[in-house]
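In what follows, a structure is listed as structure tokens, so that the remarks can point back to it.
Letters A, B and C name the chains as they come in the text, with residue numbers starting at 1 for each one.
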Amino acid sequence: MTKIKSLADLKAMKQSIQDKIDTRQKGNAEGLAHVKVAMATCGIAAGAKQVMDYMMVETEKRGMDVVFTQTGCMGYCHAEPTIEVTLPGKEPIVFGYVDLKKADEIIEKYIRDGELVDGIIPVNYQTINK
Amino acid sequence: MHLLVCGGTGCNASKSQEIAETLKSNLKDKGLENEVQVILTGCFGFCEKGPIVKIMPDNTFYTEVKPEDAADIVEEHVIKGRKVTRLLYTDPENKQHVADSKHMGFYKKQLRIALRNCGFIDPQNIEEYVGADGYTALAKCLGEMTPEQVINEIKLSGLRGRGGGGFPTGLKWEIAAKHEADQKYVVCNADEGDPGAFMDRSILEGDPHSVLEAMTINGYAIKATKGLIYIRAEYPLAINRLLTAIGQAREYGLLGKDILGSGFDFDIELRYGAGAFVCGEETALIHSMEGNRGEPTFKPPFPAESGYNNKPTNVNNVETYANIPIIINKGAEWFSKIGTEKSKGTKVFALAGQINNVGLIEVPMGITLREIIYEIGGGIKGGRDFKAAQTGGPSGGCLTTKHLDTPIDYDNLVAAGSMMGSGGMVVMDDTSCMVAIAKFYLEFTVEESCGKCTPCRVGNKRLYEILEKITKGNGTMEDLDTLRNLGRVIKDTALCGLGQTSPNPVISTIENFYDEYVEHIKDKKCRAGVCKSLMQYIIDPVQCVGCTACARNCPVNAIQGEKKMPHFIDKELCIKCGACIEKCKFNAISIQ
Amino acid sequence: MEMINIIIDNKPVQAEKGKTILKIAREIGIDIPTLCYYELDGVNLENRPGGCRVCVVEIEGRRNLAPACATEATEGMNIKTHSLRVVNARRTVVELILSDHPADCLVCSKSGKCELQSLAQRLGIREIPYQGAQSTYRKDMSPAIIRDIDKCIMCRRCETVCNVWQTVGALSAINRGFEAVVATAYEQDLVKSPCTYCGQCIAACPVGALSEVDQTRQVITAISDPTKTVIVQTAPAVRVALGEEFGMEPGTIVTGKMAAVLRTIGFDYVFDTDFAADLTIMEEGTELLQRISKFMAGDKTVKLPILTSCCPGWVNFFEYNYPDMLDVPSTAKSPMQMFGAVAKNYWAEKLGIKREDMVVVSIMPCVAKKFECQRDEFKVDSNPDVDFALTTRELAELVRQFNIDFNAIEEQDFDQPLGESTGASVIFGATGGVIEAATRTAYELFTGKKLDKVDFTELRGLEGIRSATVDFDGTPINIGIAHGLANARQLLDQVREGKTNFHAIEVMACPGGCIGGAGQPFHHGNFDIIRKRHEAIYREDAGKPIRKSHENPFIQALYKDWLGEPCGELSHHLLHTHYFDKSKHIEIEG
């Protein structure tokens, strides 16, 4: 691990990470799906960790190449656990009330075939353009 | 193609389930069931205009859809590709139909600044934070700005403390900067304690680096080299993530000696609180960090002059800090354009209570309560009527229907008898008894008072006891005068913010729901059916067939009567447990 | 000095910058009532938590009322100390305090001297409008102090005294909200705490939450028992304070009246602890000289400085906190215990009675004496040398009970031989007095020369820590003095680290020494009262024909008849003691 010693270092690091994140968010050439699991206290209490574990094991078992990351609270406390799935070239979709059954459905229908399933949480906020 | 039908509670009540079924059968009739999918979604938040149907991928947004509109949607939109204009949302300002939901106003109701990275980045990966512009604000401050310029930028932004008091942050920094000392401290107040509030926890769990970066900027601005985060021990995940983040920041040289080659040293440690509400008050917090009894002391001296270990100390809340890097990066001018004249930026609220979309929201200052409840919160549960919203936690007051269109900012909330607080917002409908609500919050302050000053230690207890008396049906009209006078005196004389605001729930409910208090006192009635002592269980002799089911199930043998004859309840014995109602098959028992 | 202009109650006032509103108002005769505020200005002790909110005032332009005790006046302030808003708030606050305070004033130890009671009266409170819960705790009895913390009003005075002035730390606020009180850690018995029984908490308590164990009833019973010979001894500081209880000016010397009332009450012999104080000087002075001589001769087993040991609070303190230094203090018993030993051995034998038939009562300015006289090492077959130690206040109660007109009663003398004393013994009552008395004697014994000037003014005063070097005819003797255990701790820590060159250190636990003892009439924070007692002590000394202990003819006779020589075998047996490691006595049960 190298220390960031100057603004230039920071900018260089940012650029390289930005590229990685862009690829991840937009989907790369191999078409990897990206799943983010909201893992704040509330999400974990609602079962987010089990869902994440389950999905990681299951996608691997079924030979699917999916990138998983954890993230903080998405704000949808009424619909925990929540996950966000980004398919290559598509808008991110947030699913709420994801139990193991729903997770299975999301893997089979949305991640594999791009077919939406019930339980989408409509995102209704703006983010700042950075 | 996907047809998204809102399956939120509000829309569900207005037949969204039926809409989805009708859409499906219409599609089947046309043989499109395999090409077009109907999906039920969670609440869009826009329940005022529900039920909602959204067509993907073109983002067409239909409002107030009825089951009989299903045929049109399939026929026109799905098959012919023409939007059903009459179902489109009409912008209230320019009366234009808006087809694409991306351009609809309600999508702009929430603006995520403090929560910008929550739910987007991996909080345990510093690289993701850096990728999201993290630490560029710090680099900018260290590389291009003098401490004075940093303070000035924060001052110009108009940012005010998000912990409750609303003190201008830049001014606070300036005062701390002015006091010279061999050691100064920067303290992050993460002792979030309002019942039901979890904004700070979410930020710390979802974006810990933003707080670390802001504290370091704060340290640079006031020439402090030590940072402390006072966090309650019952936030283990937040603590864990903070520790990880601090470790990473040190590894990357973003904390420690000579940060970014600037010669500036800064490091951060955690201090754990035991969960006392009063320790959110900055002087009490400092005493607790020093290992003393967590109780406030009289200000002045302010912490900026004499704080932790009697050294100049700047204390800011988590959410306040989360705003700092953005202000530095995008400039004070950008920030100050958001919000109202005296309250800039956004505020995170923890929306709770009788509202459909319980959750964490971030809205620009100046938004109305109506917008929050009906356009973000998804409206009141079960389609009931809004009665009141409690803001500011136990220190706040109640906003009522007359405040629905008041722009929410620091000053308006105080004028309405409440306060911003740290961001708890509990929405209540007509099943809430306002006397019981006032009692609930007072119970909290009585429990959480440190006991140092008389008005808070004894006064709040007495307020609570009088409310208890009223909810038991033993109140008198004089009690209302006592509540008012005592409440005023407590506000006037208590030592710290906790005591000075603790009577707010009582005063504001008496002000706004005077009739309910009078009903409790004079009519011995609780219209919301909350105050047990004021309820009576009565058996209707006409409906009662004398099956004895109620009498057999009464745990205290309060029900008497001959078999096949109407029964009656001995009010003296009845404990109002409700077992009889449950057992009665003839709807003969009612509560009055 | 920077001055500011403010307005108080419509009066323009010029005041010193940095002063609180309370002080400025009091200087111009505006009496803002206070309750939690407590100040001993002579020793820089201040308790101003700003907690009771009785002293709130209205400051123009401020949203809330401000506590006058904790708010510094600033330029241009316009203050109202008794506006309608203030009076209503103040009254409500006191009503609230009263609503959580037991209404057993009739039998309360503080009745008539209670600051809450007089405040309620001053604010015209005739009923308590709030009925509700009262916090209830158990009563905690210790050998000297009773804690009845149902009465605690959270003024925190005792906490400040115990932690800041004494650094004992036996008392601090516990629990929260309505249940908050000042108590021992985990609300355990005081006897399990590091309490030294100095009793300054009692002196500071504005109400009856803390009081001394009352032993007047036992004393009356003893006097009424015809089989008992009851002897009383009176400590030096009592005679300059007792008069206050009967409306006399502070600093009035009432030695003769005190002897007269004690005889009227029915004590068989009215003796004086001052006699024993002279005896103490003989023993302690000799011990000091022996140690110094050995030390100077290069004896490494000898420890210097020697520490005085007449203050029982101080003895308890070092037993708890300096168990590694138990060989440093003088082994001489306190004057009270020396008196008891002499009375129950020498005087009982003279009278031809058994020690069990003799009851020794002492009148003390002190609360810790109640504990001291119950120490096992001061008992013979469970019969104590001193049976009861009454405070000055308890004596005043006896005087009232026996309907004695204190102002009118004719002065009388003490009985002999144990009633004769010198000026040196009187000054035991003030900080620095013991060491000055010892110096007068030690000088003559050490140098063999006559001391012309007996007033060592360099050892007097009310500074918390003082030091002086006395010239013993060419040999400089370094003396340290501390009153207040925090000050003592400072000196002791230096001694422990070997940073001092003192030969002797005098320590008294109470502010000003015994004159400010916890058993004295309540001064309610008026330090002028202690100053006047201080002056009176030295006035009494100056008026005495003999002012050096070793010149007391009855002391000389006692050695000749009975004791032999100072620090001799009998002295060692009867007049000296030893100390215990009590650091392990502090129990904390989780």
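Keep in mind that, in the parts below, contacts are C-beta pairs under 8 Å (C-beta built on N, C-alpha and C of every residue); 3 or more make two chains touch, one makes a residue touch a chain.
Note that the structure is a prediction, hence the values are computed from the model and not measured.
Novice: Which label fits the chain touch graph of this model best, line, ring, star, complete or other?
Specialist: line
Novice: Grab the C-alpha centre of each chain and report whichever is closest to the global C-alpha centre.
Specialist: B
Novice: Sort the other chains by how far their Cα centres are from that of subunit A and give me the top one.
Specialist: So the farthest one, by centre of C-alpha atoms, is C.
Novice: For subunit A and subunit C, what's the span in angstrom between their mean Cα positions?
Specialist: Whole-Å distance between the two chain centres: 73.
Novice: In angstrom, rounded to a whole number, how far apart do the mean CA points of subunit B and subunit C lie?
Specialist: 56
Novice: What's the distance between the Cα centroids of subunit A and subunit B, rounded to whole Å?
Specialist: Chain centroid spacing, subunit A to subunit B, equals 26 Å.
Novice: Show which residues of subunit B lie in contact with subunit A when the two form their complex.
Specialist: Result: residues 2, 4, 6-7, 37, 39-46, 54, 56, 106-113, 115-125, 127-128, 130-136, 139-140, 143, 198, 201-203, 205-207, 235, 237-238, 251-254, 260-261, 326, 329-330, 356-362, 376 of subunit B touch subunit A.
Novice: Which residues of subunit A touch subunit B in their complex?
Specialist: 1, 3-7, 9-11, 13-14, 17-18, 20-21, 36, 38-42, 44, 69-79, 84, 96-97, 115-122, 124-128, 130
Novice: Under the stated contact criterion, what part of subunit C meets subunit B in this complex?
Specialist: 49-54, 56, 64-65, 67, 70-72, 85, 88-89, 92-93, 96-97, 99-100, 129-133, 153-154, 172-173, 175-180
Novice: Show me the residue ranges of subunit B that touch subunit C in the complex, using the header's touch definition.
Specialist: Touch residues, subunit B against subunit C: 276, 278, 293, 295, 297-298, 300, 446-462, 465, 482, 485-486, 489, 491-495, 500.
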